[in-house]
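Structures are listed in the sections that come next.
Consider the two complexes below, in which subunit A is the common component and subunit B and subunit C are the respective partners.
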Partner chain A sequence: MCKIFRYECKRLLWNKFFVGLLLVVLFYGWQVLNSVTILGVSHTAPFSPWSFGDYLSRMSPLLWIGALLFLTFFTSPKARRTAVLIDATQVVPRKYVLTRCAAALVGTGLLTLACLVEAAVFYGWYFGWFDWGTLLFPALVTLVPLLIFALGSGWILGSIKPWLVYSWMLIPFVCMALPLPKTLGIWDGSFFNEYPLTLGTLDPSFTMPVTVIMMQCILLAAGAALLFFHSGKNRGS
Partner chain B sequence: MEIRIQNVSMTYPNGKQALKDLNLDLQTPSLIGLLGPNGAGKSTLMKLLVAALMPTSGSIQVDGMPLAKTDRLLKAQLGYLPQDFGLFDELTVVQFLDYMVALKGLRDPKTAIQEVIRAVNLEEKAKAKIRTLSGGQRQRVGIAQALLGNPPFLIFDEPTVGLDPEERIHFRNLFSQTAQNRLVLLSTHIIEDVQSVCDQLVVIDHGRILFTGTPAQLIQAAVGHVGVFWEREVTQGQGLHITSRVNTSQGIRCRAVADTLPAYAQPEEPSLEDAYLYLILQEAIQ
Partner chain C sequence: MKTIQLFPLELRRLLQSRLTWLIVLLTVLSPLAGLILYKPASASTMLSIYLANPALAGGVGGGILFGLLTVFELDRAHRSRVAVLMDAVVSPLCMALVRLLALLAAALLTLIVTMLVWFPISWVLIGSVFGGTDYVLAYLLFMGLALPLSILAAASAYQMTRRADLSLVLFAAFAGLSLTIWTDHWQLCWLNPSVWALSDDFSNFRIFRSVAYMRLTWLAALAGIWTLSYLCVRQYGKGLLGSLARNMRQVYRPMISLLLLTCSGTAYAVQPMVDHSNPDESVMSFYDLPYLEGILCSGRTAQVYPNTTAGTVTGRATYQFQNTSGQAQTVAFGIQPGYTISSVQANGANVPFSVGDYQEYNEVMLEVTVPAEEAVELAVEYSGFPQENRNLSTMQGAAEISTEYLCLENAALAPRLLNVLPDEGMYPATVEVILPSSMMVIPFGTNEAEIVAEHEDGTSTWRYEDNGVGGILYAGDYIRQDIQTDGITIQFYYGRKHQAVMEEAGAVNAVKTVVDYCTEHYGPLSFSTGGTLKLIQSRVSGGGYASNGASLLDEADFTAANLRDSSKGAIPGEVMIHELVHQWWGLGNMFDSFDNTNPWSAEGLTVYTTYRIVKELYDEEYAQKHYVEQWQQAVDDYYLNFYVRNTEYLAGLPEEEQLQISNSLAYVRQYCEMPLKILKAQELVGGEEAMDQILNSLFNRELNWSYPYLTYQEFLDACGLTEEDLTLV
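On to the complex of A and B.
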């Protein structure tokens, strides 16, 4: 499966599409950092976990779309035609699907890493600030559940109808337009803007309500479960 | 290897019945030509044999074991070229075959890939990206992946589509060589493809088997039902199925199959194509 993983990574990452996506992510990220994050959110420093979380929330729709775009390599009608050949081999379906999923995760991970590195460069460049360890927790809580859920749900939808993956790309924008409950505040970015103000101190240390953490855990578990469920059912797509 | 198809019927969810009560035995070594018009049920039968579909009723046994329970075992011994397939355009021919070798779990990938690339005459394009290949070259990559690892059971669904005449002859010979110690099932609607190489024929139409036997037996069944005549002689064309019309200096010479030849037709030795058309015609009449 190592060889399959390498080839899938090559298919996903060694092309103009990935380079283009990376450039778009970096360009948008730089715009957000220079116009919003630099001011800091909710009376906190630009390099506080709150401002950094806000930056990640603003980047998450692009990362969501990126993750789903990687899936189109496996769920498109063209990919389904290749699946006919793959289905005729003795490969274990679950192993194969999880290998492909790992390749999609690598692609999504690289896009995410680009965002994080960009923010780190920004903080170092403008503020001479290098204490990146404090940003790890908001990054993990914000991005990991979101992206695993994107891959799990997107793969299931793509295996039903390829166009559903493209429709699913609109979900972050729908979330921004709808009045979401506070537990889903990470999805529309309101959590990082509004929650610090309720803590009653200036520049509060980063904390998260249990309900928000639980919601993120549920999303993570749901995404992982969907991936696992899908891998047992499908092979080529 | 022995494959036994017993009372197999297949009805798609949309209600279309593709196969009706099919019975067939396939044994190694053999090159079996599966003939039939478009929509006859050939591809459905192939999909059932590679466990891509499950029959609505009946059973398929591979070496005495039900296919439904031993599909991975069958797939380990299978090379399959579907009628409609895709390739990874981003990879080169060698990389794609290497990918398929990994899926098939073959040892010594390098030798396996070199062998099939040579067999399908793709040495020059071995390092070319698949997206740069012509339709015929892509078809050859499809055939190459089926041949990887010399599987004992090969299924080719319309393998010569998109190939030029020279390539078609090359592949016919290749299939014939391949079948010397293996079971090869070759589905096509091109009679020429099976005429010279298949030792057994299965003719299928409307989901039913019309004939199983050797090409000679099929031809024998059409003796006395093929004739030639001048077009100007035709007084009554009912029941005649003209298979060719040739313009000559003396007029148009026609060749036809019929259940009963008219008096003006001169009987001719049937070709396999005549015999096939006669069989299909008989089915249509019934």
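On to the complex of A and C.
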């Protein structure tokens, strides 16, 4: 399986798509950091967890699209045609799907890492600020549920109809346009702008209401469950 | 030839696709989003709400949809695995061109359908101020040009990468940047142009020109990039570089691309719409120039010829100097950055002059060497396209010059003298302007313009006398209504198209009410102007100003949309109220020279009085919410801002961001902090009535002519308070 994993990683990452996507994410990220994050949100520093969370919220649509595009490597009609051959092999279906999923996760993780490193470089460059540990929690709570859910739901949709993955890419934009409840504030970016103002203190430390944490946990669980369900249902796509 | 033969076939194939029709349908419906969800034009004029917003939404929606369709169509052969066969039959280069033309034709068809569908809807929604020219130009520029730009961008991405997924990401990021990060850069937001308002009553050619310029700059850029990507179209099984090398053999192809990109880059760099004024608005170095000794200005004239078709101005200004210094002197003028000086003559002979590079407050300095003669008549000839202040680049439209409207302010009217004192305290000026006979000329001040000549080409020469180094001139399709109040005749000028709305809104009564309120509470105005006051409706501008004998009324003060909006509490004309109140607080000798860093200015008392008028005459709840709470919010936001609290980090910011924060200080302190302090003073002195008495006594105080200005200390003394008492915690 390690060999298959390495192969799938190479297939996903060693091509012009990944390089192009990485460049687009980095360019977009630098524009966000230089234009929006630099001013700070909700009276906090640009390097506060709140401003950093706002940056991640703004980057999440692109990361969401990137994660789903990785899935199209496995759900496209071309990939489906190879499924017949793979079915004839002795690979354990669940393991094989989970291996592919792990490869997609690696790709998404690398993109995310690029965003985080870019922010770290930005903070060091402009503010000489290097206390990156404080940003770990907002990064985890913002991105991990989102991207796991993107992979889980995207994989299920892609296995139904490949074009559904492309439609699913529009979800972040729909979320931004709709008046979502506050528990989904991370999805439309409002949480990091509005919640610190309700805490009544200056430069509040990073906290989240239980309902938001619950919602993120539900998303994470749903994403993981969908991945698990899919891996048990069939092999490949 | 092959391209021409294939084009109808490809277009027919495209139009037989159900996806194409779905995209067309969604694009036709996309202006609907401008009525509900996406409203970038924030002004409350009917054309902003029911024309600009739908057209802009149509541009964004249609642009994104056609970008997706482009990627889908270009990838079709590859996706269906017939690309090899296709390449064997038709040259891939030819096919790329044919596909592009077919998509552009489909976009054009969609635009025509959209315009036909939305024409009657817009007409009904906009009502009496609907105009065919505005409609056609708005849809062509705001929506129509977004479609080819998107098609070119998406096609370029696909032809370079030859991957649908990567093309989609590139296109999404390119569109996303325009919709988010680049929104405040009028030249960069290619998909959603910076349009904040369209005028109902006057023309909108200036903002249309600005959008057209931005779109055409991008059209050249994307056409250049597309031509470059055309060279990357894969041929003979070669990769990107192999195909590029082969396709470049015909030299004209890369040359076209280079030419287009150069044109676009040049157009971007030398754009004529916006000047390069210093973004630091606390710097007013032109006002700090020391006056020259031994030279006085005894009068000036200006002949101004606006070209209402091209939106340009040509003029000739003369200045009479008494140079008793016995030596040549360098006289400085502030001129409009968009103007060029064609000649400067002193007593009929050419004299050297130079125009500087530094610009501030929409002016650039012209320096002229005046010869060492006692009486010098200096004649300056100038012409050009007035540029707008770059600090307001996302709110363009103010420099409108057309047969319906023009506004020439200070240096845009004639070079403004900066460093020469007047003779006997006066700068007498005679201004002549030639305009179409349908336009009424209204000097912004106490003077009256009159027609001195009528010409056979349908134009008239207007003349008026003025005093001062600058001056503001309004002209347009105006009507005048005189309003009699206690001792004042208000000459109310408003656009002819606005008559019905003004009558329905009860504008005349609203004006009378404000004047009566101020007269009753603070006392009558002391007029050196024969008891008349001009109130002039300007094109929608987001604010106003006042001077001796004249105040401005923003077009957005009274619109049909405001009349229907019950949430506004039926408050007519808040800008009008503010600018009328300035006749009591802020003109003549009332306040010392403008100082950005000092919170005590005309604005504090004026904003406070506006709040009182809104509260007492119209809607207390509205006043609390839209005045007091907003002042408090702005003050809190400012003082809680991270950079204001931690100034050591401010220096590390890019200059633009530093200035944005420091510029906001002046606004917050004068327009929000000071009204809050006055409100606090009102509580401490015993309420509104007591404060009214104090303000009445200050307005009618006996002036010390050596320093006639109303100071903060005088205000505090009148209230019996100290500065510390009014500290806001």
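To be clear about the criterion, the second predicted complex is superposed on the first by the 237 of 237 C-alpha atoms of A that agree within 3 Å, B and C clash if a C-alpha of one lies under 4 Å from a C-alpha of the other, contacts with A are read in each partner's own complex, and residues count from 1 in each chain.
What we mean here is this: a residue touches a chain if its C-beta (ideal position, glycine included) is under 8 Å from a C-beta of that chain, and two chains touch if they have at least 3 such contacts.
Just so it is clear, the structure is predicted and the values come from calculations on it, not from any experiment.
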Side-by-side fit of subunit B and subunit C on subunit A, or clash: fit
Partner contacting more residues of subunit A (subunit B vs subunit C): C
Touching partner for A:72 - first (subunit B), second (subunit C), both, neither: second
Which of subunit B and subunit C A:61 touches, first, second, both or neither: second
Partner chain(s) touched by A:126 [first = subunit B, second = subunit C, both, neither]: second
Angle at the Cα centre of subunit A, taken between the Cα centres of subunit B and subunit C once the superposition is applied, in steps of 10 degrees: 120
Nearest-approach distance, in Å, of subunit C Cα atoms to those of subunit B in the combined model: 9
Parts of subunit A lying in touch with subunit C, wherever the complex brings them together: 16-17, 20-21, 24, 27-28, 31-32, 34-36, 38-40, 43-46, 58, 61-62, 65-66, 69, 72, 126-127, 166, 169, 177, 202-203
Complex interface listing, subunit C residues touching subunit A: 37, 161, 163, 165-166, 168-170, 172-173, 176-177, 180-182, 637, 640-643, 645-646, 649, 652-654, 657
Residues of subunit B touching subunit A in the complex: 50, 52, 72-73, 75-76, 78, 80, 82, 84-91, 95, 98-100, 102-105, 142, 145
Residue ranges of subunit A touching subunit B (in the complex, touch as defined): 1, 3-4, 7, 10-11, 14-15, 78-91, 96
